[in-house]
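Look for chain A in each of the two complexes below; its partner is chain B in the first and chain C in the second.
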Partner chain A sequence: MSQSERMNKYKLSDSGFGILCTVPGLAVLLALVAYPIGYNLVLSFMSYKRLVFGGFVGFQNYGWFFRSKDFYLSWRISALYSLGSAGLAFLVGMILAQALTAVRRGRAFFRTLVVLSWAIPPVLSGLIWKWILNKDMGLMNYVLSVFSLIDSNVAFLVNTNLALLSGIVATAYVYVPFMTVFINAGLETIPPEFYEVAEMEGADEFHKFTFITVPLNIKQMLFSFLVVWMFTFRTPDVFFALTGGGPGKATYHAGLFLVNLIYRYIDFGKAAVVSIMLTVSVGLVVTPLAFYIFRRAD
Partner chain B sequence: MMISWKKSVVCAVAVAAMALFALPVFAGGKQEAPAAAELKPWEQIEWNKPKSWPERLLADKYILPEGWKQAVEGVKEFSFYNIGGIETDIATKMNMMRFEELTGIKINAIPLAPRFTLPKTLSTLVAKDKAIHGIGMNNPSYNFTPIAVYLQDVDHMWPEEVTALYNENLINYLAWDGHWYAMPVAAVGHLNFYRKSWFEQAGVEVPTSMLEFAEAVKKVNQWAQENLGPDHYGIVFSVPSTELFTRYRELMYAQNKQVIGPDGRLDFYSKEAQNAFNWLVDMFRQGFITEDALNFGWMDAANFFGVGKAGAITDAPAMFYGFFQSQYPEVGQDMGALTNLKWSEDDPDEWNGRSLIGANSIGLPKYIDNNHKTAVMLWFDYLRSLEGQRNEAIVEGNASFLLHLWETLDAQFNMVDWNLADAAAKELGINPPVRRTKAGPMITGNAIQSEKSLLEVFRPYFPEVQDKFNEEFANVATGKASTEEALQRVQEIADTFR
Partner chain C sequence: MKRSGNVLKTIRGALNAAIAWKRTPAIVLIVFCAFLFMPLYWTLVTSLKTTKEIFSWPPTLFPKSLTLGHYVKALIHSPIFGNILNSIFYSLTATVIVVTVAALTTYGFSVYQYRGSTKVALVFLGTRIIPPQSLFVPFVVLFSKLGLINTRPAVIIFQFVLVYPLSIWLLKGIFDKFPRELVDAARIDGASRIFTLLKVVLPIVAPGIGAVAIIAFLWTWNAFMFPFLILNSPQLKPITVGIFHFVSDRGIEWGPMAASSVLAIIPGVVFFIFAQRSIVSGLTLGAVKS
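On to the complex of A and B.
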């Protein structure tokens, strides 16, 4: 075998080199994602309560989960909350993004202004809104009474429906900047000529929005909605600070159900099932939609 | 050729993955070699020298045991979880400063909100975080089952002659499965506070029973709403987390009834249980308390009272009085304090003051090095001493399990190092504490409750019952259920754990 043949024997193809380069990243991914998921899956078939390991219990924890009233309650609340939060953030984000494209002077200033509330962690937003919405000392009741919009102070965080709505508002407040930036980035890619031609054809603002803005920006819109929905479906930060899941269980988010199982009842087997079902629920919604978005992008 | 490379890569990935999966096994499997018959550092300390252990603990100024210095060799500092914000814990700060002065070991107190105590404790212990040397526990009795396996027992620090110095029920709080796992930092007495000026203006006498208290709240509420506005109320207390059940327990004790029956059953069907539950929920149903209190945490209720929105606050930690006296004198001077009262006028007077006492305690992680363990044990010893407990009771306004403190209370006022208290306040950035020379309502209340306290031990399933109790309470308060339905559902949950 000549030297060049020997060299060729060890020569790496481009795809081979590519695969090799992904190994470190893949290994980290396996350790940080696959291992915990695998471990969690194993745990879901075990009895592991108050740090006492009780051994394999088959599908017992899953049976408990589907019989649990808290599952149906918390999943319903999570669904309403996440759709409401993502929807409200989307609506306001869309309006702001459209407004930002129209701004000609001081654009950097207004963009900075829009993203400011992004810096606020959701749990802190919950605390801020807890005081804004306080029945006896809150800003909201004060403002409403100054404008004579209410006869007596409203207990926003005690009324079942208003408490959920309050959570939605407090969450949207944090995610509006994300939506705005994301949608605005998409809007910026639409050539202005499209709008100019539409105007020449006699299209009004509504038609331009419906037939140009939305179809050409649908990918960004759907994706940003999906990301916020996903975060809010599984994360209870706002309710943790705002209502603690109450009053009663009026805002008992699926994430709070999980947190209680881990930290109050210390039942890791059942908590594993809840976390898996949360992942499955999010995955069932996100996977087909993400597939649609990416296929459309391709 | 290319196929074989791909195979190699796949193999490499597989090997890397297996190695990573195996990593935690090896990392977790590392064991400390057993130290043959060698004495542990704390076993080398002469705990009964230069004086006997009780004499050292009860000395006017705490006396360190002989041999302590060698036992903590190399320890420059340690950290512990302090339940609550340190800025309200002037006694803890004083004790830290004094311990540092005695030993030269620096202490870091890491504040921990009560609601995060168990999550943080659990995470720290399971992760075997060696940066934390003392674990805060505010409800040790029902938390011990899960965490005892991670704690170093301190049985040697509780010989018979030392145990005899403390409330005999303390063992229920700090021991589990025949071993002591913690030391008391302070006992938290609970009192009812009221605004004297509101009561006077409403023409209400200071109540002498809980039924009278409810009547007083009704009148004060009416006066406040008419004179101060509709956003002022007769009373405030917090509902979520552990606070509501604490208040319920107090009302049970006011009727000379315990929450746990003689057969170990939590009984929510009794007449007393219904009385206690209705006493609380009626405050909501009749509008004597803001609806928002259903979401109030402990500090929310305290702030609500402090800013002048409520005429009374029930079941507030006694130290609250001292805190307001020094930090917000205009509020503190208008505050009256009552112990838990007997249920009705017809009940015997000895039922007054029957109350629960919370035990803020510290446990010692098993996995930290022996010298640090010993340093923390010395800190434990100091905290429970007369000097440490005197600071808690007189400067801060906490209760104490140390019997000698209450037996010699009058003499203790002269022993307080007020200069140290002022220095501690300065470091915390708060006003200096009020220099007390005799027992006022707060310390008297603590003294009574320390003597009459009931230390019922709740088992590990208890948080699930407590959460159900809070949930059902909110349902009744918001008109979605009746008391009978609510208590029946709580009883069903409680019975599943028997």
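On to the complex of A and C.
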């Protein structure tokens, strides 16, 4: 065997290099995800309260979970909240995306204004809106009273329904930029000729929207709605700052239920069950829809 | 029956005319942007008002007198300044680690394809179907066993798990578009694969990687719940957690809170004003191109 042949034998092929680049990162990531998930599964069958290890308890934690009123309550609130937030952000994002594609002047300026609220961490949006919605000094009450829409100041965060609605507004506020940007990116791939031809055939704005804009953009629309739904179903940051789950338990988001078990009750066995159920709930909705969207893409 | 049909037709016609009017998009944008900008403006104005003016009714849309007192209080008489430095540290460290590792990974499977390499990005992304919240419990328990509770590495490790897969997904869109001929040319000239990455590929995809880095930075900057759960010491907290310094049983100190909020939002606002186009294209590339 000559020198160069021996060298070649040890030389990495292109695909070998590709694998070498992928494997370490993937291994680390899977270790950091799979091991904790497995560990969590084991924890869910244990009693592990206030850092005192109480051994295996079988399905006791699961039994507790499905009998717990907080489960039904918090899952219902998370569902309402996530659908409301994603829906509102979607509606506003859709309108803004259409307006941005159609506007003639100052597009760059408007685009920057539209995305600015993206810079706000959701938990801060909760605090900022808590200030805006304040009963005694808040901007919202002031604006409503200036337009004579209310007789006396409204305690937004004390009323059960208004508190949930406030959370939805504070959340949609930070996700509108995401929605606008994704829907707008989709809109820009639609050739303008489509609309011109449709106009020549006598189509009005509604026809153009339902027969061109929506069908050609459905993937981006579904994708952005799904992402925001997923984020909001599981993330309680806004309510943590805005209402702390109150009044009573009117905004007791599933994520708050989990965080309370970890932080306040320090009951890791039960918290493990809640986190598993959170994964299952999100996975059951997202997985089939994600497959549908990616299949449609090919 | 016929009449109601006519009414509907008239309404539809009127709406059509309104939508098709050439000034409609601009008016819609002005109205919505005013709404979207209001909370930012209100926070800024609140941070500059005197405490007395903040707590007065009716609220003043334009402050009567300006003061930097709340900024002084936040930055000098509270841990907020340290919290901001922490946020910068966490975000920068996580971004550098994630983007370096993710760029190498993506370069590998995107340019040097092997069986299944087109599906690898989906495997990475798939780990993100698991909500970060579901990892709280095991990470808290495991970190406490490793003595990592209330430490900086704990925040960064957790953030790595969240941002690494997303960065790969975003980088894939960039590397997949890279002209294969350039890589082949460099390789034929005898350049190693790593040299090709550093001297041929990276200079060309740098703007895209910059955008991904900004996105990774902001993701870490926005992180709240996990740092909140594992950090006790005020001197370790990022700004999103540290800002609750002004929230107590006796109420909220709105002035310093607003000042801290402004400081916490500035990096994101600056990034979005100056690099908005590349951030947006970096984010939407993977989702839109096909």
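FYI, the second predicted complex is superposed on the first by the 277 of 298 C-alpha atoms of A that agree within 3 Å, B and C clash if a C-alpha of one lies under 4 Å from a C-alpha of the other, contacts with A are read in each partner's own complex, and residues count from 1 in each chain.
Just so we're on the same page, a contact is a pair of C-beta atoms (placed from the backbone, for glycine too) under 8 Å apart; a residue touches a chain by one contact, two chains touch by 3 or more.
Note that the structure is predicted; figures quoted are calculated from it, not measured.
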| item | value |
| --- | --- |
| Clash or fit (per the criteria above) of chain B with chain C on chain A | clash |
| Contacts of A:A271 with chain B and chain C, given as first, second, both or neither | second |
| Chain B versus chain C as contact partner of A:N260, first or second or both or neither | first |
| First (chain B), second (chain C), both or neither touched by A:K249 | first |
| Partner chain(s) touched by A:K135 [first = chain B, second = chain C, both, neither] | first |
| First (chain B), second (chain C), both or neither touched by A:V123 | second |
| Touching partner for A:P236 - first (chain B), second (chain C), both, neither | second |
| Partner chain(s) touched by A:R104 [first = chain B, second = chain C, both, neither] | second |
| Chain B versus chain C as contact partner of A:L157, first or second or both or neither | first |
| More chain A residues in contact [chain B versus chain C] | C |
| Chain B versus chain C as contact partner of A:R50, first or second or both or neither | first |
| Doubly contacted chain A residues - partners chain C and chain B | 15-16, 19-20, 26, 30, 35, 130, 136-137, 262-263 |
| Contact footprint of chain C on chain A as seen in their complex | 14-22, 25-26, 29-30, 32-33, 35-37, 39-40, 43, 48, 92, 95-96, 98-100, 102-106, 110-125, 127-132, 136-139, 142, 145, 173, 176, 181-182, 185-186, 189, 204-206, 219-220, 223, 230, 234-237, 240, 255, 258-259, 262-263, 268, 271-272, 275-276, 278-279, 282-283, 286-287, 290, 294, 297-298 |
| Residues of chain B touching chain A in the complex | 1-2, 5-6, 9, 12-13, 16-17, 20-21, 23-24, 118-119, 122, 126, 145-147, 149, 230-231, 239-241, 290-292, 294-295, 297, 304, 307, 309, 460, 463-464, 467, 470-472, 474-475, 477-478, 480 |
| Chain B-touching residues of chain A, taken from the complex the two chains share | 8-9, 12-13, 15-16, 19-20, 23, 26-27, 30-31, 34-35, 50-52, 130, 134-137, 152-153, 155, 157-158, 160, 242-244, 246-250, 260, 262-266 |
| Chain A contact footprint on chain C (complex, rising order) | 12, 15-16, 19-20, 22, 24-26, 28-29, 32-33, 36-40, 42-43, 46, 54-59, 101-102, 104-105, 107-109, 111-115, 117, 120, 122-124, 127, 129-142, 157, 160-161, 164-165, 193, 218, 221-225, 229, 240, 243, 247, 252, 254, 257-258, 261, 264-265, 267-269, 271-273, 276, 280, 283-284, 287-288, 290 |
